[in-house]
Each structure stands twice: as C-alpha cells, then as structure tokens.
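Here is the structure we will look at.
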Amino acid sequence: MTWHTFFAMGGYADYVWSAYGFATVVLLWNIASAVHRRRAVMKMLRELALAEQTPKESAAQHYVH
Amino acid sequence: MSHNLLGTARCIFQRDLLLAWRKPADVATPLAFFVIVTSLFPLGVGPEPQVLSRLAPGVLWVAALLASMLSLGRLFAADHADGTLEQLALSPHPLTPLILVKVAAHWVTSGLLLVVLSPLLAMQLNLSGHAMVTLAITLLLGTPVLSLLGSVGAALTLGVRGGGVLLSLLVLPLYTPILIFGAGAVTASASGLDTQAYFSLLGAFLLLALGFTPWATAAALRISLD
Amino acid sequence: MTGRRAVAEEVLLEVVNLACARGDRTLFENLSFSVQPGELLYVQGANGCGKTTLLRTVCGLTQPAEGEVRWQGTAIRQLAEEYRNLLCYVGHANGIQGDLSAAENLRFGTCVGGADSHTRIASALQSVGLSRAARLPAKFLSQGQKRRLALARLLVSARPIWILDEPLTALDVDFGATMNERLVAHVTAGGMVIITSHQELAVTVPIRRIRLDS
Amino acid sequence: MYKYASPKNFYALAGRLVPWLGTITLLLFVFGLYLGLYVAPPDYQQGDSYRIMFIHVPAAWMSMFVYVLMAGAGLVGLVWNIKLADMLATASAPIGASLTLMALVTGSLWGKPTWGTYWVWDARLTSELFLFFLYLGFIALQAAIDDPRRSARAGAVLALVGVVDIPIIHFSVIWWNTLHQPASIGSLGKIIAPTIYPTMLHPLLIMSLAFFLFFFTVVLIRMRGEILARERHTGWVMQIVRSDANAPEARP
C-alpha cells in the first residue's frame, strides 16, 4: 500500500478525511477551550486579588514592574 | 380544623379557573396563535386540497404544540411575581399534588380549548371526518402531556433573563415523542389504518408524565424560589 | 431520654450555625439563636445584609449554605409539612392577585395555608379595616390596603409562628398601632414572632434583638 | 476515596491525573487510528467510506453516555448537595454537546456515500439531533442563571427530565423512521451490524476507549477551572492565585 492509495481511501477521500478532520477540530477545540477556561478563571482571580489590595500598594507594585 | 388536601386542591383549581375567566385575553391569545398559524400554511404551500390534507396532521399538531408552549408563560409567572408561589411552597400540604392541580387548571384553559378548536381548523385543511375525530382524541391525550412537560420548563425559567426563548429551547425537544405519535395517528387514520396502538402509547406517555413531571416541577419551583 | 426530651421541648425554634450566601457573597455565617414561646425576635441590620434571606431560611424557602434550622430538635427539612403547618409568613410580596377581590384573595391565601376559613374571613377583613372593600378587585386597593390584606392572613390562620418581613411598610400610622397590638396579643398568648422592620416597634412586650451586620 | 470529595483535594488529584490520562489517550488514538485507517481492510460493500464509523460510533456512544453521566451527577448534587457533582455536570455539558455535533457531522459525511445525500431522517441521526438540542437547552439554562447554586440545581432537574425522555425520544424516532422510510434505506447501524469483523471491531473498541479517556481528561481540566471559579473565596484558592501571580509571565 502506497501513501497515495492510503490517502485516496478507495475514492472516498473527501468524506473520510473531512470526517476525520472535523473530529480532530472538535477534539482540539475541547482541549483548547478547557485549558483556556482555566487560564481565564486564573487571570480573573489574579485581577480580583490585585483589585482588593490597597491603592497605595498596587501603585507601588506597578512602579516596581 | 384544618383543610384537607382535597379542599386546598379544589380551592386552587377554582381560583385558577376564575382568574382565567376574568382575564379572557390571556386565554385567547394562544388560541388565536393556533388559528393564525394553521391559516398561514395554505398561503405558503398552495390551496390544493390533496396537498393540504397530506400536510394537515403535521401542521395542526406542530401548531398545537407551539400554542401550548406559548401558553406556559401564564402558568407560574403571575403567581411568582406577586408572591402567591411562596405561599404555595409554604403550604402545609405537599407541593407536588398542588402543582398537579395548577397544571390541570392550566390545561383546561389551554390544551382543552385547542381540542375544541381543532375540528374547525381540520376542516379548513381538508381533513376527513374520521381523521378529525382522531385528531381531537390525540390532542385530548397529548396536550396534557405537553402541559405537564412544559410546567417543568416554566418552573425552571421563572425569573430568568430571556425566559421565553429559553423555555422553547428546553421544552420543544422534549415534546418530540408526542408530536410523532399524535401526528402519526392522524396520518394513519387519514389513510384508513388502525390507530389503537397510537392511542395506547399516548395514554402511556400521559400516565408517565402524570407520575414524574409534577415532582420535577415542584423541585424546580423550590429551586426558583430559593 | 426524658431529660433530653425536656430540653428539646424547651427550645422550640432553633437556628444552628447558619450561613447563607447570595451568588458568591456570604451574607452571614455562624449565626445561632433560638426563639421560645412568647418571644418576639427583632432582626436588625442595614439593607442587603441578609434579613430577608434569614427569614426565608427560617421558613424553609431558602436552603442555607451551612447549618440548619430546627424545630423541637429536628431539622425543618425533615419535618417539611409538619413544620409548615405551624407557620405563617408575610414576605415582601403580598401574595395578592389584582383580579380577585379582597375576600377571594384572603380565602385563597388561608386555604393554601391549610386553614378552614369560611367563618373567619369576614371578621378578619373587618379587623384590618377592609370589610367595605371585600368585594373590590384587589388591583384597586392602595399599597397600604394590600399590605393589610396580606397581614389579615395572620389573623385567620391562627399559627404559632409568625415570620414577618417589613410588615409595617406602606401602612398608615393608625393601622401600624393596631398591628403592634396584634403582635403583643400573639406573643402574650404564647406565640412566636420573628420580624424585620425599618420602623421602630412600639410594643409593650420585651423584644429580643439580633443584628446581622455586626 | 472520600478524601478526594473535597474540592481542594480533587483539584490537586485532577492536576496529577491529567498528564497521565492525556498520554494514555493520545497513545490509544494513535493505535486506534493505525488499526482503523491502515490495518483494517476495506468493507466489501462500502469500500473505505465505512472507516468514518471509527469516529462516528464512539462519538455517538459518548454523547449518550455523557448525558446520562450529567444527569447522574446532577442527581447526586441535588440530593446530597455535593459541589463536585454539580461541577462535573456543568463541565460535562459542552464536551457532550461537541461530541454530539461530531456524531452528527461525521454521520452525515458517512451518509453521503452510503445514501447519496448528506442528511437522511435516519433514526440514529435524528435521535442525535434531538440529543444535541437537549444539550443546548442545558447549557443555555445554566448560562442564563447567575447564582451558581441555583444554576447547578436547575440544570440537574432539566438533565433528569431529559434522561427519562431520551429513551422515549429514541424509541419514538425509530418507530417513526420505520413508518416513513422506504425499505431500501437502512439505518447506519443496520449496515454495520452484519458485516463487522474482528479487524473492524478492534479499532472500534480502541477508538471508543480513547474517546472515553479523552472525555475524562478534558472534564478534569474543565472541573479544575470550575473549582477555581466557585471556590474563589477559600484560602487555598487564594494561595494558588498568589503563587501563580508571582510568575505570571513564566507561562505562555
């Protein structure tokens, strides 16, 4: 079996590869959105923690940055 | 001397009917919707009698389904806004049977009226006499299930933003079995087939819904009041 | 066994380590108190500190985040109907339908509350000064009259525990005084009252106070 | 076991499990795809187009499994008031919905060479479509309610009603399908069933296991996010946030 016949999928390449392509997109979206959601929560919590500090402190911290 | 459950149930039933009687516009709106939607179909698909009678079971059932869903807003919203629902939840009687009574009163002022209207619209769509009777029977068995399933959705979306559209998203998928067997029975009857199996199935759905949904609706109401 | 029972009967309504939250804001936590027969508990605190939530939790409408409310030593969640049978709650919402008359509203309210009311409706309406409005659709009543109609449920249903959320709002001074008398009568007869109010309570019985925001 | 029912311990445990589960999932996917796309011979009727089965069928199975799991978790959260169960239900919904969509799209791509059209009101596809709507309803309901506790409990009630209705919908659709479809068009399931050989069964089972573990990997990551969001007032989350804030630029 050559690579060519493998990719040709007996003439059904369009259907098979678009199905597998779509499945890959869905699986990757799942991972990306799960990771992104956790990061977004973490970012929000960091902003919250920052906002709860007194203005003076956060100004000083900003200056150090 | 305290009221028994039946006394309270009768009290709720009478009150809801009385309110519907005093606010006829609220009752009439979903019925008007039912009539208008079914009257629009001939304009869309053409007036040929054969085409109409072929489409009639589905059109009538889908329109009844939507009309029944639209009437759900009336089920709990006013009682939620004015605090009556809190009083129901604090009643010394269990909430589940009280909910069943409310849904029953609601069905009498929505689903039952759809049944009464259906022969008129069936005539408009050129449905045969026999199929017309079948339509009325399936609506009689099916619309209570729609009200019962819908009550869960209505309770869940109480006071939630975008409640109306959300309600349709929650409730319509749950309605599919009723649509399939309701419209299926009318189609079968129009082509002269036996409809006994459909009636039995719709009856079974009704029993199942009676047993299960009031409990879910009561739970949903307590969640919405929390 | 008997000793425990005696203690349990002494403490009737008990709030144990209660914590309530709205969204993810904690309104109050570690709140404990008890109410005895013949006591009036006045719940105080700034707006939004959870007075209404506390009252609804004591009713069993709202589930606490932690802790529990007990009646005679048993959690009200388990007692359910048995506990609700002792309760009359008048919240912010009056529970009045504008398209029903005042008498119909009161009859429905007491019927849902499980009390047989046929004989007492008229006298209750009279004692809240609404007998002439009995057949008027409730939508034509003023805010104060609606409040009075809601409070009339207390008189008809004859329950030992009254839970009242701002009962005096929108009431005129005269009826405010009548309401205070009713509270005194209820407490003197061995009833219990848990109440929030912006107006000072002018009652002649001792008041127990708790502050939620301190 | 009970120790891990606290959000704090579960967060740590999930964090340790995710890399392992992820690696096993990846290996299973590679092995399953190798068997399914390379080793398994073409079907004598459908040629190579049947290979879509190796993703369509696991996705369809998972879509139903996830809904049942969601309803079960919702019930546990509702009755015993366990936050982790609520979070499991909420975290499962988008994954379940996306797998349902995958089953729909791959099913319709398989349908084109088999039936000559992308969409046929076949029993399995129609059931999947309504399952997708049920998922959308659950997600929309939870998104519309701000209070996390009310949102979780309302979702649980909806999922429970849905899980009772799903078999009824499925059975109704099959009945309806046999009434309305001409006999020449069989359902996808019927086409596979008689022709399944071990060479086709093995990749199917391995791909199913891969999907199963994939779901658990992703649901654990999602639950970690949910835990952080819902427990944000607790000391241990604040500590994590502070230690994370010390090196914010260190991460990509």
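As written, the chains take the letters A, B, C and D, and residue 1 is the first residue of each chain.
In the analysis below, a residue touches a chain if its C-beta (ideal position, glycine included) is under 8 Å from a C-beta of that chain, and two chains touch if they have at least 3 such contacts.
Values in this document were obtained by computation on a predicted structure and should not be read as measured data.
Q: In terms of C-beta pairs in contact, which of A-D and C-D ranks higher?
A: By the number of C-beta pairs in contact, the winner is A-D.
Q: Find the geometric centre of each of chain A and chain C from their Cα atoms only, then give the gap between the two centres in Å, rounded to an integer.
A: 52
Q: Counting only Cα atoms for the centres, state how far chain A is from chain D in Å.
A: So the centre of chain A lies 18 Å away from the centre of chain D.
Q: Take the average of all CA coordinates in chain C, do the same for chain D, and state the distance between these two points in whole angstrom.
A: Centre separation, chain C to chain D: 48 Å.
Q: Need the CA-centroid distance for the pair chain A / chain B, whole Å please.
A: Computed value for the inter-centroid distance: 44 Å.
Q: Provide the list of chain C residues touching at least two other chains, using ranges where the numbers run on.
A: Residues 63 of chain C touch two or more partner chains.
Q: Can you list every residue of chain B that touches 2 or more other chains, as numbers and ranges?
A: Each of 226 in chain B touches at least two other chains.
Q: Counting only residues that touch at least two other chains, what does the list for chain D look like?
A: Residue numbers touching two or more other chains: 149, 232.
Q: Which of the chains touch, listed as pairs?
A: Chain-chain contacts present: A-D, B-C, B-D, C-D.
Q: Report the residues of chain D in contact with chain A in the complex, numbered from low to high.
A: 37-38, 42, 47-49, 51-52, 55-56, 59, 94-95, 98-99, 101-102, 105-106, 109-110, 112-113, 214, 218, 221-222, 224-225, 228-229, 232, 237-238, 241-242, 244-245, 248
Q: Under the stated contact criterion, what part of chain B meets chain D in this complex?
A: Where chain B meets chain D, its residues are 149, 152-153, 156-157, 160-163, 166, 169-170, 172-174, 176-177, 180-181, 184, 205, 208, 212-213, 216, 219-220, 223-224, 226.
Q: Would you mind writing out the residues of chain B in touch with chain C in their complex?
A: Touch list, chain B to chain C: 1-3, 7-8, 11-12, 15, 18-19, 22-23, 78-79, 81-84, 86-94, 98, 222, 225-226.
Q: Mind listing the chain D positions that touch chain C in their complex?
A: Of all residues in chain D, those touching chain C are 81, 146-149, 230, 232-233.
Q: For chain C, which residues are in contact with chain D within the complex?
A: 21-24, 26, 63
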